[in-house]
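First chain written, first letter: the chains are A, B, C and D, and each begins at residue 1.
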Amino acid sequence: MIGGGQGAFIGAVHRLAAALDGQYELVAGAFSSNPDTSRATGRELGLAPERVYGSFQELIEQEKARPESERVQVISIVTPNYLHFAPAKLALESGFDVVVDKPITFSLAEARELAAVLKATGRHLALTHTYTGYPMVKEAKALVASGALGQIRKVYVEYPQGWLSTFAEGDSGNKQAGWRTDPSKSGIAGAMGDIGTHAFNLLEYVTGLQVEKLCADINTVVPGRQLDDDGAVLLRLSGGASGVLVATQVAAGAENNLRLRVYGTLGGLDWQQEDNNSLVVRWPDRPAETRRTGGAYVSAAAAHNTRVPAGHPEGYLEAFANIYRNFALTLQAAHAGQAATPEMRDYPGIADGLRGMAFIETVIASGRSEQKWTDFPTIES
Amino acid sequence: MIGGGQGAFIGAVHRLAAALDGQYELVAGAFSSNPDTSRATGRELGLAPERVYGSFQELIEQEKARPESERVQVISIVTPNYLHFAPAKLALESGFDVVVDKPITFSLAEARELAAVLKATGRHLALTHTYTGYPMVKEAKALVASGALGQIRKVYVEYPQGWLSTFAEGDSGNKQAGWRTDPSKSGIAGAMGDIGTHAFNLLEYVTGLQVEKLCADINTVVPGRQLDDDGAVLLRLSGGASGVLVATQVAAGAENNLRLRVYGTLGGLDWQQEDNNSLVVRWPDRPAETRRTGGAYVSAAAAHNTRVPAGHPEGYLEAFANIYRNFALTLQAAHAGQAATPEMRDYPGIADGLRGMAFIETVIASGRSEQKWTDFPTIES
Amino acid sequence: MIGGGQGAFIGAVHRLAAALDGQYELVAGAFSSNPDTSRATGRELGLAPERVYGSFQELIEQEKARPESERVQVISIVTPNYLHFAPAKLALESGFDVVVDKPITFSLAEARELAAVLKATGRHLALTHTYTGYPMVKEAKALVASGALGQIRKVYVEYPQGWLSTFAEGDSGNKQAGWRTDPSKSGIAGAMGDIGTHAFNLLEYVTGLQVEKLCADINTVVPGRQLDDDGAVLLRLSGGASGVLVATQVAAGAENNLRLRVYGTLGGLDWQQEDNNSLVVRWPDRPAETRRTGGAYVSAAAAHNTRVPAGHPEGYLEAFANIYRNFALTLQAAHAGQAATPEMRDYPGIADGLRGMAFIETVIASGRSEQKWTDFPTIES
Amino acid sequence: MIGGGQGAFIGAVHRLAAALDGQYELVAGAFSSNPDTSRATGRELGLAPERVYGSFQELIEQEKARPESERVQVISIVTPNYLHFAPAKLALESGFDVVVDKPITFSLAEARELAAVLKATGRHLALTHTYTGYPMVKEAKALVASGALGQIRKVYVEYPQGWLSTFAEGDSGNKQAGWRTDPSKSGIAGAMGDIGTHAFNLLEYVTGLQVEKLCADINTVVPGRQLDDDGAVLLRLSGGASGVLVATQVAAGAENNLRLRVYGTLGGLDWQQEDNNSLVVRWPDRPAETRRTGGAYVSAAAAHNTRVPAGHPEGYLEAFANIYRNFALTLQAAHAGQAATPEMRDYPGIADGLRGMAFIETVIASGRSEQKWTDFPTIES
């Protein structure tokens, strides 16, 4: 693991998620650019001291120097955005598979370069767009793909948070607020990069459609903040659909209730993270139905990503763990020389990363434009 | 009553709402431009045949000719939009008070002329923007006005319906779909006039803010339809707030779940019509609270608009009836030469009508514009 | 109307419910045993002074003395329980149809006598067990009757209130608490008579089953109170089903969320008053469905008792009004010499009243018994 | 691990829960009484073949024979009920700490003997009454203990399931249904032992009260079944409170929505597993509040049992893992010679096991009794 030292949030989540299914064992880390912090974290996690490193370069080099059966196989990169590209590139080039937190890089240019490295090295990469790991999100995607909703016409995705509704970055103890609002660490976007990309990824994942142009109202609401903390985006999608994406971190009192609604010619679906084990499907002429994690009737994709029977709630860590688990299954299949099943390969990867970075750049550009519509760039897949 | 013959929807609602509190008695009507239909409706409703008229002109003239104690006092106009202005103007000029369904007229120009007539005659007019009649909407307005949420920053209002997700106007028996999608009867807007104005009115009512400019994506989704059936609008409001308004009639499976969320510097509120007796208020640092119709702690405005104790659900007709009741109380105060209290005067009127028509014209203009922002016109109050 | 003077709760509800559909006009009343109070109420309601009476006897006698076309047709009795029987009997014997609030009388013996009077006079009587008036309760009954749930096995009904969790009757201004906890006015039961009978009526109405024996834990929780304010009852029903009935008025913080769940061999239903426009139906092997008031797919009974389209919430007053409306339709059919349809005759009546009184007497007896089971008496229908 | 071979449900849950926080490593197992099954499971889980045993005796003996630093420290017993006591006793006597699934033993007598063994050996034991591991259940307990609800008067706990609404044990492939309905494996109770004990444990845990007598209606609803599959129980608790416990496995369509409501003199709380991250608290005179996992305001106990920030749902596995984690923290403190904090010691243990077995025996006896009330036995703590 690279990053995830004391005080970090997402590093701990990666560790919990990786541990859940017993597919990963954490054996080495460069948890911080501060060697003391890195060592302290390593001690807390019970790692062998010689495998706790002071930098990502050191980690990659020294692990690569170990015998193959004794080195790490997958490297998780859970640093702030500006520190994704370099370790990811070096890890891939050194023969490791990589899990990287979103957004994939600091810029679209970096993402393109990383895509080229990935292709050249033939390694594997997973991107932790957590929300696509929920069983009922899988069910939603399967439902759309089945055609049961007809042709998709409208897509609404919203991601309201409230934790940045004050000038939290003014508190030096708030590391999360600090780097996420700092353009030198986060990139050109704040809220749009942090949570807007999740919303964007969720909607493209479930609908199978692609955003073609957009019109964004991007705001920095809290005085003194350097990056956007709020935005709303009108969307035009492939196939003639349209929609709205809302992402804000200044909705005081809101937690994290990412919600997606998709309406087709025949019916609509509604999923929200706060009630993540339910998928509500509404029809014009018959009762709404509530599909549930673990239900006897769910799609193969939903079933594959479920651990316990219906009525035993699964949550965020399980969704996160599904990415890790499917990535592990894919790597195991690769090592065994077998083809991974579609369920195994169902984790976010470089394509999601490229489109996510394109979203960030397009939405910020649109926010600055007086023209209504800004085209989404073509992303070579 | 003018309009509301057999097959109409909103006419029956007006009659139920007016009857509920025993403040109104229906004694005369011109229910249809077809005299047979009008007579049949009058018979069904048990009216004296001589007070069932064949046209609104006839109704107004003949009622005016009756002795003052035997004539109607208030005229409700529940016709399609293109038939609001003429009867309203004639009724006011003939000395009657008027209730008119929304949107107030066919165009902003008509609304301005009606405002002038109203001012000149000194009569009273109520506009049935139903949703502001709900007790918990009153509570929401009182909460914002109290400053408890701090300065308002974000406003989200959405009004998803699904009943026009097919080409329903192709069915000649569907009178509702017929006139509401016909520009000669409905005006320049379809969904935006029919339900967008409700959403707009609700957000301005609760927040006390005014839309200053907007950016609209207006669509006609169902092939063959003559007017918009879908739209999403970015909003900039007075006081620096911003927001999003969504109104669609092609969300297949959606019923009528108008929802408003308002976030200030200190907290946020959430109201949805489907659970109209609850108002959820969320705070960053303490538990969310659910205020309920009839609660011991609600504002005077909410209490005034409630009929039964907490736990006995009130609904759409009660909200509608609150407009009729408050209008009646205001008229009674006027007749008694007394000042109406703020609670009595709390019903939508000409100012709401003017802003609603301005919204329609601005949102349609923005939908056709390549520029991001379109200014909202100044409305003289 | 007999009863319902100033300070009363249920009298006002009866007036609102009767007014809603324009089927009733309030023209006479004996609103209080105090003639001044009665007159004041009459004035407030705009009645002709000569038809505001000082006693129920006076009302019935003088109205009977008027020409048939100028007298009241239906008498609503909204007094405390001890004052139901005498006016109801006199009214029926004097040729009037009667609406009476629940429970029907002070004792089962009185109810049996009233049943005999009703039979002998051939008049009509409606009993306002409000909750059976909700459209989705009608839907629930139709669903059970259709066999879709299979054979019914389990029934759970609960009625938690909190308004008597303090010694409210100690406050002389609290008229509701006063008479409802006074055995000389309320009868042998407090909570079980006031709300237990509603729960009991709801479960027998929806399931079509009858309670055959029961085991009750009846408590007086608040010190100083004279009647039960809390109870829980194990039930054995016809057809081999069993269940639980809970009714309490000391659940501090609870409003009035009557809830019924019924499970059969094939599936289960769930209705709660707080979300009265939804009926949730759960199945073992397919998604739960939510049926909604106004849905295109609902039963004839549900549709008949609905006034506005789906998505426009109906509530308590509408449910109450459905009893008044169906009673009016039945009387109109009778006057016209026509057969009332099943939908028209679908209002609670004497049979519900008899079983309700039997429930009160049985549940109180069981509460005092050391034996587990107490038989429910046979009620001649 | 003892038990948990292929086809088992709860063994896999124990493994996931133990893995989540990285406090446990699975290194040995006797997964089945069938050595082949045991070996196959061991292989699947990647264990060293020499530590996969053919019986629990073998596991305990051989592990004990290993050097202290290389043997298992904690033994998890996840077999059917009839196979809890013997391995638990042997493990404790052999110097191991034990996690055992509920109910703790086959009979109360066995539980008492196990308690004596535990006391004599000075080892530690945890019992996986999962539901007390939820953060908002901790919050509920803290709320009651704080006195904020006043004196507790009413307790309602319900646990509806539907998975045994058919004769599932007739399907030889359904191992779960098979042993859970078999008195030779499950004990004298079916539903009451399987889920009734969970409901009972939850209510005693949260309220801090003890059941003193009860009155049970115990049913075997599905023809051919050997044990109860349904029951309802009236409760009298210490301190004068009363309540109702419902547990059924024949509520066709129900999943697993365990729910607890507690009402005191000042207010009431409501928790349900389906929405486990919320705790609703209702007050007579102010708005209901919804406390949420991760909220800034929650109790120390709730915060201690939470892994991710508010708005990231935790679920069943996290609740289960909290038992494992707190047990590990307690053992680590013991090994370090330190006192465990109250938060560490907050996991179910022998006292819960004893009362659970007493509940099973009392509730079944009451079900067979004609007397209303059956006393709960005294359990020496």
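Just so it is clear, contacts are C-beta pairs under 8 Å (C-beta built on N, C-alpha and C of every residue); 3 or more make two chains touch, one makes a residue touch a chain.
Model, not experiment: these values are computed from the prediction.
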item	value
Distance-maximising chain from chain C - centres being C-alpha averages	A
Interface with more contacting C-beta pairs, comparing A-D to B-D	A-D
Length of the line joining the C-alpha centres of chain C and chain D, rounded to whole Å	43
Chain A and chain D: spacing of chain centres that average the CA atoms, whole Å	35
Chain B and chain D: spacing of chain centres that average the CA atoms, whole Å	55
Residues of chain C engaged with two or more neighbouring chains	163, 254, 281, 284, 288, 292
Complex contacts: residues of chain C adjacent to chain B	9, 12-13, 15-16, 19-22, 26, 45-46, 161, 163, 254-257, 273-277, 292, 294, 307-318
Contacting residues of chain D [partner chain C, same complex]	149-150, 153-154, 156, 158, 160, 162-163, 165-166, 215, 217, 219, 221, 230, 232, 234, 236, 242-244, 246, 248, 250-254, 261, 263-268, 281-284, 288, 369-373
Of chain A, residues touching chain C in the complex	281, 284-292, 295-297
